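First chain written, first letter: the chains are A, B, C and D, and each begins at residue 1.
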Amino acid sequence: MHYANTYLEKPVVPDVKINKEGSVDVLKCMLNTGSDIYQGACKKRGSTLKEEYKNASGTCYMDPRDMEKLGVNNWDTVLVKTDWGEVVVSAAASRDAPHEGQVFICKGPWANTVVSAETYCCIDPTYKGIHCTVEKTDKKVLLMADLMRKNYKKWVDEDDDEVLENMPSLGELPVFKRKEQED
Amino acid sequence: MKTITFNQKKTSAIALEFDELRPDDIYTWEKADFDNYGVPIGNSRFPLTDYFDIEIEGEAESPDDVKMILNGDMGRVKYIGCKMSGGEIICNGDADIHVGAEMTGGKIFVNGNVETFAGREMAGGYLEISGNTKEFCGASYMGEWRGMTGGEILVRGNAGKQCGECLSGGKITVLGNCDILAGIHMAKGLIEIHGDVNRWPGGQMKNGNIVVHGKLGRLLEGFVLDEVVTNPEIDGKSFEGKFIKYTGDIGLNGKGSLYLDAIANRDKLGEYGEHDDEYTSIREYRNL
Amino acid sequence: MAYEAPITDYDHIVENCTCAFCGCNCDDLDYLVKDGHVVAVRHACRLGASKIMEDLDQRLLVPMVRDDDGELKEVDWDTALDKAAEYIANSIRPIFYGWSETSIECMKEGVALGEYIGAVLDNQATICHGPSLLAVQNAGYPVQTLGEVQSRADMCVFSGSNPMNSHPRHLARYSVFCRGYFRTRGRFDRTVVTMDPKFTDTAKVSDLWVGFEQNGDYGFYNAIRAVLKGKELYQDVISGIPREDIYELAEAMKNAEFGTLFFGLGLTHTLSKQRSIDIAIKMIIDLNKFTKWGLTPMRGHFNVNGFNIFMAFESGFPLGVDYCRGYPRFLSGETNTIDLLTRGECDVFMVVAADPGAHYPNGAVQHLAKIPVIQVDIHWGPSTEIADVVLPGSFIGVECGGTSYRMDGVPIYMKKAIDKPETCRDDEWIIRELKERVMKLREEPNVAPKYVPNPAAL
Amino acid sequence: MEYILKNGIVFDPTNNVKGEKKDVMFKDGKIVEQVSDDAKVLDVTDKLVMPAGIDPHAHIAGPKLVVGRMYRPEDSRRGATQKTSVIRGESGFSIPSCPATGYRYSRMGYGTVVEAAMPPLEGKHTHEEICAIPNIDVPALPLFGNNWFVFEFAKENKIDELAAFISSWLKITKGYGVKIVNPCGSEAWGWGKNVHGFDDKPPYFDVTSREVVKALAKANEKLGLPHSIHIHPNDLGHPGNVPTTLETLDSIKDVKKNAGVRDQTIHCCHLQFHAYQGNSWKDASSGAEEIAKYINSTDHVTCDVGQVTLDETTTMTADAPMEYDLYKLSGLKWVNKDIEFETAAGIIPVIYSAKSPVNTLQWAIGLELFLHIDDPWKVCLTTDHPNAGPFQRYPRIMSWLMSNTRRMEMIENGEVHKWVNSRTTLPTIDREYDFNDIAIISRAAPAKIYGFEDRGALTPGYNADIAVYDIKPNEIDPSKEYEAIEKGFSLTDYTIKDGKILVKDKEIVQVKKSRTIWTNVMGLEKEEQAVIDGIMPFFNQYYSVKWENYPVHDHYLSDPIRVDVQASK
């Protein structure tokens, strides 16, 4: 059957070509999280295990000038650290630039790792306006299921994040024991 | 005088609710009453004696004769002294949210830190916190425009955001620092902050007084520089030193006063700050 | 995206379906159906279309229970429901979270179960517009239906909101581009202002972009209010905006014939939380002394407003309603989900049509990793990765009918277009089944909670 | 199941029963003349028995109520009570939650409450809330007074089309009658303006409120609906609004009544708010006597009072501009809700204080209206819940009406402001209501005004809606024992609804589902279709919902009561 297609492997981002090494190792930034259309479409379609979600949600949108400072190109990986955690995400040029000194990660498990759970008694956690640092890294961005396994360790006995990161991936499809498998 | 001592036996992950254990409720209670009492935890009740050893000494004719001593970590005990009208509660350890909320009389001393909403909508009495407290100290209930209407809160440590929200009377003293928006929506009363203030005190205030002895981060546009005053008398209390007095929040024709220590906040005065010893008032300086 | 030929191979069209994505609840969608599947959607935006054209790979089709190895295992409905009911019946501080992507009819069952067991019922407002509701409680709520905006508004202000990304049809259908009775030239008859620290896609189509600094929103609105009162500003730059621009903006707002403010999460998630909205609402109220102004919170999920409305008429409080003491109560910081989780107070968590795994901060999800989590949803998502029991529901507005409330409070009946997968059940049925099973397990009649000793759960 | 209420003192004004000791029998939900020996006997010897109460004007369900509850948690927490094995937890004082609303009306012996303002666009919401309210039957009145289609028909004086429009909109919204709120004023509020007086026009519309009201009254009578037009006139709450009110009432004295079930052609709600003399609050005084004189001299007008109860409450009305005026006085928190092409609404919290001269004046005017209008059949007991006070205060108002002693005590002891002496005639009135009068203003008259033919009386064949109060009418002196009166009317010994015992000994023992009552006009199907076809282009272009989503589907009604009316052509 022919379905209308709404998949999009990667969000469309402006071209950036950075050939130089970066001038700084660690960039101090203000982190905002929120939604954009790629993340929204992918999440609500339900494609959360897929590469597409990883690219839509696990991406740090940066001002090209900041990218130049760090020496990262579109879809290189960066490590974002805050007081609340750290996460490896892809870097990409922001469609909303210029906003030097501000980075944006769409909401999702990746952003959640680094945002503050403090509500200050006002119901909502603080998802926006968080001080963070961004640095270049060689680590890869984890798929959603792998990231959940690493972050929350609900079903693994392993404590070491290094080990968890390098465990076999849970993949892009649901993993569960089907009835017929038992029989 | 009847002294009732609660010695903690174990803590609970889910908070205990102490709203039925005010001096007003328990001044007549005997040992057996405590033994039979189930304290609300979540949607159930559990024997209070699972969590506390209760010791009772003396007799009480009225709630005023009661002295409740809570020993242990009360970080998961909510509503201590909530709605009490008399007596005394001494909490030796941290306390959870809503300590002294809606109290009308009596005294509460917390020797430790307190969570949010300490002294919410207090109408009378005295609450002293030796450590820090978090957000909404002396604030109002959601949507309520009449916050604390009387009584006094003393915080020896720091207070969190929105301290004294909708304050409509009474007095809050913070010996440490305050976070943003202290005295927001304030209508009456006095907030005295001895430490520094992050930003925006007195947002949308109608009336009342805020005194800041430390340094203020950022001031709202709604506040108009009124005068530099020396040794002012505010709310019947005299203060020593020089203060910059602002009036606000002008956005709603507010008549509240914000006093900033003139030495710590010299930068707020601009050029005048460099010459303030030479003039008796800012008016005089402006006229020159 | 490459060009795609339109879908021509379909059996029939179902007209006037309601989009189950954002708070716009566009009720003019046409579904193209073939062999009982929606193969294409007309009139929907990218978001709506992609939700309705769901990812079947990740559709939850069978009930599952986590086994001893920590792997989800397909079970029959009875087993899964019994397991979930057992968790709930033994809970002391359960939270039933979600509800914003299901129908009012399902919430009715949910509130009955929640009231019976003494649970906290909360919805996604707890991570999006919760502060807006607190602000509404402090300042008021001058709203209008979206048709009013369409027909009258000549000035639309989007603050901390990016509808081009999160409510793509909002501008076209209700607020900016559409032609209204008094605004016959559509976009040309309206002034559009975007207030956002970023030059967002919405800012790009606006006449004016006010890029106030991050966390500076309270100071900015305070300055506008002062200007509206006729006060002169003494700082040259307020929250990153030059003084002159603020004068100009205030003047423009005063001179509009009918203005509306749409605000989003940009205001609720920042430093001053509900106070940014509180003062924005007060600014709107002040503006009514000069001309007509209203506002609308840009609600995210299609029924997030519905839950707040529903809980308000059932219990008197819009969100974070705690039934644990046998009567409804609500206190921010005490009965809302994030605080309960970060304080580690919850012992059983049921998520209905929501995804806390995807949207809660780490600090809150950490607690979910320690307690039983029951998931009622249609897709395998981040929450499934931490769920102990998974109950596959059905897709409101596509596979099953139900009521929802648009962001402006207009009720919409979302009709059913196709049949649900055979192995799934309606959300309403699932929650009702759970309620009955929980009641059976808790033999006690429906009375005020008293001794139910269950220290094991602590 | 058969029951017999034995030896009660019955007041049933419709059947001219004034305090007779007699038995009331009912079977299978209906009042009957005779029951068998198996009937269950409920002994109510010497206690006050009346038909269950009917509230002709209250705001209990709908979009503005819900916003009120959402934004006033400080009110919701005031009435919180624990659930029991029968009832759910309650919350709220002036705007109780839906379950609490039903329970509290039941405890007061009420069986039917009219929801007085339903915006058609959000009719589904209103009905959804009605379903959530237990124990009472709720007819809802859709709003017509600022509807653009109505403006068009009224401007061109197309009464036939307007009649067809009303009849089709009653079907669409499942409404009972025609409600008009600040005609033309709420539309003007779309631009932040208001209309002043009865002959003002809203911007962009060449139609006056006089034209709208007259057209709606004519159309209403053309259809012969069971209820007359139900009007909230212009200039509510403004000093000096008496002329507007009188003009409004007088404007339709020539409209011929076309319904046998009722006597009036116009029902004016919360008349107290429309009876202020003077130019500003400084020199305001009571206009109650003048208005009462008019009502006494005519027979086409009925009213309810909207008595101020001197509590902290929440005002909510479709008269949105007036709410903004009130907001400017109090500066508390303001809700406004404009509904496209139909209406608007406003809400603010209000504290009616006996210390305040204005509030005292309002309190006195309400009582004056009750006492100056000679015929109790023309006046109903309301507080315009929650605008002038919550409905739980009805018993207190009854005690005021029954006791001149209490009224004078309040005036002389300074419990209320001294304006009561200088600006009102209240201190000069010594009339006291008796139990029969109370039964009229709280049951019989509302039933008559709404044309109910199944409730409001203990006539055989009627619904068994009965209230038994713990008051012994033959032993009590209401004038002196006003406290006992208030207490007695607050909690019934029995509330019986459709033959089911809902309240027994002051406690709710059973809960039943509410039902809505709506009017179905028959015989205009073709005309209705023509009207709908005519407005469809406008609807499709400008409404923000699809036509398919506009009507209240049957899904939103639980077991509705349909009142069929044959339209005269």
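Criterion: a contact is a pair of C-beta atoms (placed from the backbone, for glycine too) under 8 Å apart; a residue touches a chain by one contact, two chains touch by 3 or more.
All values derive from a computational prediction rather than experimental measurement.
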Two candidates, A-B and B-C; the one with more touching C-beta pairs is B-C
Closest chain to the protein CA centroid?
C
Using CA atom averages as chain centres, what separation in Å is found between subunit A and subunit B?
41
Report the inter-centroid distance (CA atoms only) between subunit C and subunit D in whole Å.
35
Distance from the CA centroid of subunit B to that of subunit D, rounded to the nearest Å?
45
So subunit C residues touching two or more other chains come to 133-134, 137-138, 271, 323, 325, 330, 332-333
Subunit B: positions in contact with at least two other chains:
116-117, 135-136, 141-143, 145, 162, 252
Shared interface positions of subunit A, touching two or more other chains:
120-122
Quick check of your reading of the touch definition: is the inter-chain graph here a line, ring, star, complete or other?
other
Which chains touch? The pairs are A-B, A-C, B-C, B-D, C-D
Spell out the residues on subunit C that touch subunit B in their complex, using ranges where they run on.
91-94, 117-119, 134, 137-138, 218-219, 222-223, 225-226, 228-229, 231, 233-235, 238, 271-272, 275, 278-279, 282, 286, 323-325, 330-334, 343-345, 347, 449-455, 458
Within their complex, subunit C touches subunit D through residues 16, 18, 27-28, 104, 115, 133, 136-148, 150-152, 173-174, 180-182, 257-258, 285, 288-289, 291-294, 308-309, 312-318, 323, 325-330, 401, 403, 405, 409-413, 445-448
Quick one: which bits of subunit C touch subunit A in the complex? Just the residue numbers, please.
1, 4, 7, 9, 21, 34-35, 37, 39-41, 46-47, 49-51, 53-55, 57-59, 62, 64, 66-67, 69-75, 125-128, 130-131, 133-134, 162, 164-166, 168, 197-201, 203, 214-215, 265-266, 268-271, 273-274, 300, 319-320, 332-333, 336, 338-339, 342, 355, 357-366, 368-370, 378-382, 384-386
Enumerate the contact residues on subunit A facing subunit B in the complex.
120-122
For subunit D, which residues are in contact with subunit B within the complex?
71-74, 77, 331-333
